[in-house]
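Once you scroll down, you'll see the structures, which are given as structure tokens.
Two complexes follow with chain A in common, the first pairing it with chain B and the second with chain C.
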Partner chain A sequence: MAVVTLKPTGNFDLTVEAEVITPDNFAGKSAQEIGQLLVWQGPKQYPLANYFEVKGDGADTTEETTITIDGDVSRVKRIGEGMTAGKVLVKGSTGMHAGAEMVGGEIIIEGDTDSWAGMEMKGGLLHIKGNTKDHLGSAYRGSWHGMTGGRIVVDGDAVNQVGGGMSGGEIVIGGSVKHFCGIRINGGLIVVKGDAFRTVGAEMTGGTIVVGGTIERFTPGFIQEDTESDIKFDDIECTGEYKKFTGDYAIPQKGKGTMYVSSVNNECL
Partner chain B sequence: MSGTIAIKNGYVFDPLNEINGDKMDIFIRNGKVVTELSASEMKDAKEIDATGKTVMPGGVDSHSHVAGAKVNGGRMMRPEDHYKFYQKKTPITHSGCGYTVPSVYLGGYEYSKMGYTTVFEAAVPPMEARHTHEEMRSTPMLDMGGYLVLGNNWFLMRYFKEGNIEKAAAYVAWMLKTHKTYGIKCVNPAGVENWGWGENVGALDQANIHFEVTPEDIINGLAELNEMLGIPMPVHLHANNLGHPGCWEITRDSLKIPKNIRARPNTNVEWAETKMNPLRHESIYLTHCQFNAFGGTSWRDFESGVKGITDYVNAQDHIVMDSGCVPFGEATVMTGDGPAIHDLYVLTGHKWSNTDVECECGSGVLPFTYLKNNPVHSVQWAMGLEVLLYVKDAWKSIMTTDSPNGGPFIKYPQVIAWLMSNKARQDTFEECHKWAQDRSGLAAETREMTLNEIAIVTRANAARTIGMSHCKGTLAVGADGDVAIYDIDPKALEVSDYESIIRAFENAAYTIKDGQVVSQKGEIVAIPEKKTYYTDIAISADDEKNMLEDVRNWFKYYTIGFNNYPTPEKYLANPTPIRIDAEV
Partner chain C sequence: MVYKNIICPVCGAACDDVQVDLDTINRTIDVQNACKMGNAKFQEVVSSHRIVRPTIRENGKVKDVSWDEALEMAADILVKSRRPLFFLGSETSCEAQEVGLHIAEYLGGVADSNATICHGPTVMGIQESGMVGATAGQTKNRADMIVYWGVNALESMPRHMSRYGVFPRGYWTKRGRFDRTLITVDPRRTPTATASDLHLQINPNTDYELLSALFTILNGKEPHTSIEDITGIPISVMKQMVEMMKESNYVGIFVGLGVSSSYGKHRNIEMALNFVKEMNNYTKCNIGALRGHCNVAGFNQLASYLYGYPFGVDFMKGYPRYNPGETTTVDLLREKDVDAAFVMSADLVNHIPADSAKYLTEIPMICLDIAPCPSTTAADVVLPGVIDAMECDGTFYRLDNVPVHFEPFTDSPFPETKSNEETLKMLFEKVKAKKEA
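And then the complex of A and B:
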């Protein structure tokens, strides 16, 4: 196992597009070669060493390459994009598109991320210990095909469009969400332990959404089928009593999605 | 000397000139094909060695959605169509993006790379003519023109109801000139008007709301005045009931309507010296037959209805049609047929848009993905190929994908491979749903098109059908110097190696426009001048004045002023009127 450490040194006046920061790209390269990889900043390309002090060489294989980013990179986008294996550890916050389209491996972010984290993710684990913003694990703008596999864990809150268009994989959010959580999902699992504001599961045609807190405005188009207690999805456990709904029946496809909503936090439903 | 070039020793396929793979030289002087170049001209001319290569006239697409309001609607609706399919700018080209609905620049470059030099926009709503021309003007590499959507026009429906075919003809002549458009497009006649009231029409003799005209009245009226005016192309029909199981019957019956109308194209131009008669004799041009040829009664017993149409087409001489092939993958469905788009929305639940174009027509857009494992889509794939393979005389058919409805035009090379290689088709049967075999006759069809037939369905017949064969779709003396040279040696061609066919047609070895090499092996090397064609019909001043009184009277129903309605020539790149002296 080889660890490449990137220590941010500055020059982040414009945001940096750093999709080169993946174990796939770092494997088999020396610290110096890694520092020469190019990233876009505005209209120009610069070497990674312009922004980071690089220590340590990549391992021979992607699987054995770990990248540690030792500081705050909230002005750096697309970290770990499309990575297939290995590990990325960020000891701070990241910019947009962290782990977008990742296929395998593991990303751990100790701080927050901006929007589009895990966008259209296919596999692997993305663990955000802080908060994230919009479009977590969702489809690209205009696309209706979001995350298809892997797992995203957020210890804090997410905002809008969590898992938009997802068809596989799991998203587990420790905190709360705002609008359009699970819009148009047709597969996979979204668990929100906290609250949601409105439009949970809008236009869903499959998949499962669990909300442990309160939904401020419940989506019309869902019908209650049952009540279940202590539901379990493999290793993901949701304790307490849940009202089980199906929907979204407000669209021509007459959705076959399932939504569990905490009974005790949503008495009025 | 610019536009002067000698193409030596290629195998030439020029069907309108009855040249079928002969090894010969092609000479172009000042942008036009000539018999030979003098010794002094040869000194300055560019010389291309086409030994072992296939030489065809530049490709002609007679039905493609490439410019205008609904195409742009497709772009705006689909950011996801753009971000992974893009090209960077080069010293001479613009950047561009868009897979199924490319930006205007990218669209022009992609066509040119495949050897195409002429593309006609399939549907121009009159009110959107300015927008369409703005986009066509900005589409590089291609000579263009557009068809005016007139199948649900209030003025025409009123004239047809009154039986006043002369006034209807005067109106169409004025409209083509006013909007700088080329021919008549008729989309779901009488049905799109009903859609304004949430209805459609289901039969050819069903009168629509308020105007009380039937699809039959409209098809017959348009075909009659089309020949009365001598318009270069036949009426271009998108038949009723499109996209509904069982629609093939209404399509066949629609084709019967203009059976006894004699084609009288009256184009006043200088004709290239082709061996074949380049004039059309058809009174109707059916578009995207595949979408109009659904069999069965529901999606459960859905099947190909192509044979019912092609049997009729084979037995008649007044019909030509394009295929509307489905090459699988991403598409964007866009049409003037608003109700058809709504039906697709109900079917797929996808995002969609619909527009009512005031007193004229309508339109709709919806993203669509054709999947090999989907039973209906796989039958549609087979049907598009059936259309072309079942029509015995290639001069009755044209290859299209109704781009981007069946799939984007960049898939043409794939379609060509399926037409030329039975193995290509059999290999696709292996990958797609078994309905493709069970519910169409394609699996038993062993015909493999020759390069000559491919030249017919991709350029010669497209040009002949729309009346452009005086300068396009042929390499006869006097024709435009538009040539496509492909890396295919006809003597060594093994059609079972269809991947090589795809590669060759994807990136022409050379695309030559007006005698200038504009693209080479997938790289754009020059940006040529382009022309925009429209039909300019002279009618009597009195007829025009009488008709315009009606137009002015009803212009109160428009949201724009009459003076802002016409499209001035300044909206066109090199406006090129095709003059016609009508005998009205």
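And then the complex of A and C:
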């Protein structure tokens, strides 16, 4: 296992797009070669070494390459985009599109991430220990398919459009969400342990959503089917009693989506 | 001299029946047929506060300069910038916007327009769902039910109701208002709501929930009872609305910023569009947005056919990219991700959130406008604007995306330029010369 450490040193006055920061690109390269990889700042490309102090060489294979970013990179976008294997550890916060379209491997972010983390993700693990913003694991603008595989774990809160258009994989949110959690999902699993503000599962045609906290405004196109206790999805356990709804009948589909809502926290439903 | 059939360069209706009597000796103008907003803009032709000379800011002081000096300094700012923002406002022609888009592409900047702080979510909703649309004339001649949703047409687009929506006598609606049913959905009791047959006074920011419930009813299911508390509308009234729509021959829905800029944004529009699609299984139904500016639809059309995206087009990587929330004006300024701005025919400083406006005043800014406003006050270079549809010809796209060619009734007051398009072309030449030197 080889560790490449990147320490932010450059000027991030304009945001930097660094889709090259993946184990796939770093594998088989020396620290100096990694420093020569190009990133975008505005309409120009500059070497990675202009922005980061690079220590350590990449391993021979992607699987054995670990990248540690030792600092805050909240103005660096697209870290780990499309990575297929290996590991990225960020000891701070990242900008937008972290782990977007990732296929495999593991990304651990100890701080927060901006919007579009894990967009259209296909596999692997994205673990955000802080909070994230909008479009977590969702589809790109105009696309109908969000995340199709892998797992996203957020220890903190997410904001809007979590898992939009998702058709596979799992998203587990430790905190709460705001609007349109699970909009248009047609497969996969979203578990929100905290509260949701509104429009949970809007336009869903498949998949499962679990909300452990309170939903302030319930989506009108759902019909209660049953009550279940201690539900379990492989290694994800949701204890307590849940009201089981199907929907969303607001759209002309068969209402194949399932939503579990905590009975204790949503007595009025 | 009296000029007829002048196009009004103010709101999205772009009325084509304005009559003006321009007295060039006494510098007065008399305007017929236009609304209050239209009349006010026509008065700009003879107003005393019109910007008539280019200015630059030097060592904190503003001074008058020649057109050439102002364009030189503007070109300098743009060439030195690492990532310029081009805000190509919508009270000017498509022809001028096109040149602006090309400069943005040439410099690897970002081009955006008023839609980004206005009906951008509507356009995004259309991308998600597609739209059953119609021209304004179709609605006028056929619609026997009009729904104004989140818009107070009587005050924001004063002639919409009289020209297209409610009162005109159409081919199949010969008795005008008597042949039409009017429904308004609005949290406020506006004059439009007062004039309606049914007013759904919803709680603010619950448009999505109401649309979702209406859609559920249309699909033959019962919406969850909590919807009554959320929206403030009884389910029986929702059912009544759906029935009224189904029983009509032709429903024209007009949405305003109340739908596209309340909670949910493009999701509200997407749901409305899907509802309209489904409603077409029962009766003819279409939807349109009441756009705010005379050519705000034009930028969307232009940017879409030139670069594939309707607004917020980022040329950073040499090819167009689009991601509202990332490549759009307010977000770029909030994140301090641009370092110079070119603002044309829009008072941007006055219309964006304080954080973004503050940053905009800190970076070098070039402003092209006809009258003093906060943006021109904060600008480093001010280029006087030529008033489209009055002083030069060109093209607007009306609210229903119909292109309208306009002809002027007077000339540009500046010997140096005939139109904003020509000003931008001169600027582009200077930018190219500097960049390639």
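As a convention for this text, the second predicted complex is superposed on the first by the 268 of 269 C-alpha atoms of A that agree within 3 Å, B and C clash if a C-alpha of one lies under 4 Å from a C-alpha of the other, contacts with A are read in each partner's own complex, and residues count from 1 in each chain.
One rule holds in what follows: a residue touches a chain if its C-beta (ideal position, glycine included) is under 8 Å from a C-beta of that chain, and two chains touch if they have at least 3 such contacts.
Note that the coordinates shown come from a computational prediction; the quantities given were computed from them, not determined experimentally.
Superposition of the two structures on chain A shows chain C clashing with chain B.
Of the two partner chains placed by superposition, only chain C is touched by A:250; chain B is not.
Using the contact criterion defined above for the overlaid structures, shared-chain residue A:221 touches chain C, although it does not reach chain B. In the overlay built on the shared chain, the residue A:142 is in contact with chain B and with chain C.
Once the two structures are overlaid, the count of chain A residues touched is higher for C than for its counterpart among chain B and chain C. In the superposition on chain A, contact of A:205 is made with chain B only, not with chain C. In the superposed pair of complexes, A:10 makes contact with neither chain B nor chain C. Steric collision with chain B, judged by C-alpha atoms after aligning on chain A, is confined to one stretch of chain C among 5-13, 131-139 or 239-247, namely 131-139.
Judged by the document's definition of touching, chain A residues 140-142, 203, 251-252 lie at the interface with chain B and also at the interface with chain C. Touching chain C in their complex are the following residues of chain A: 13-15, 17, 40-44, 96, 115-116, 134, 140-142, 179-180, 183, 198-199, 202-203, 217-223, 248-252, 268-269. On chain C, the positions that touch chain A within their shared complex are 82-83, 107-109, 124, 127-128, 206, 208-209, 212-213, 215-216, 219, 221-224, 226-227, 230, 263-264, 267, 271, 274, 278, 315-318, 322-326, 335-339. The touching residues of chain B, when paired with chain A in their complex, are 77-81, 83, 345-347, 349-351.
By the touch criterion stated above, chain A contacts chain B in their complex at residues 139-144, 203, 205, 251-253.
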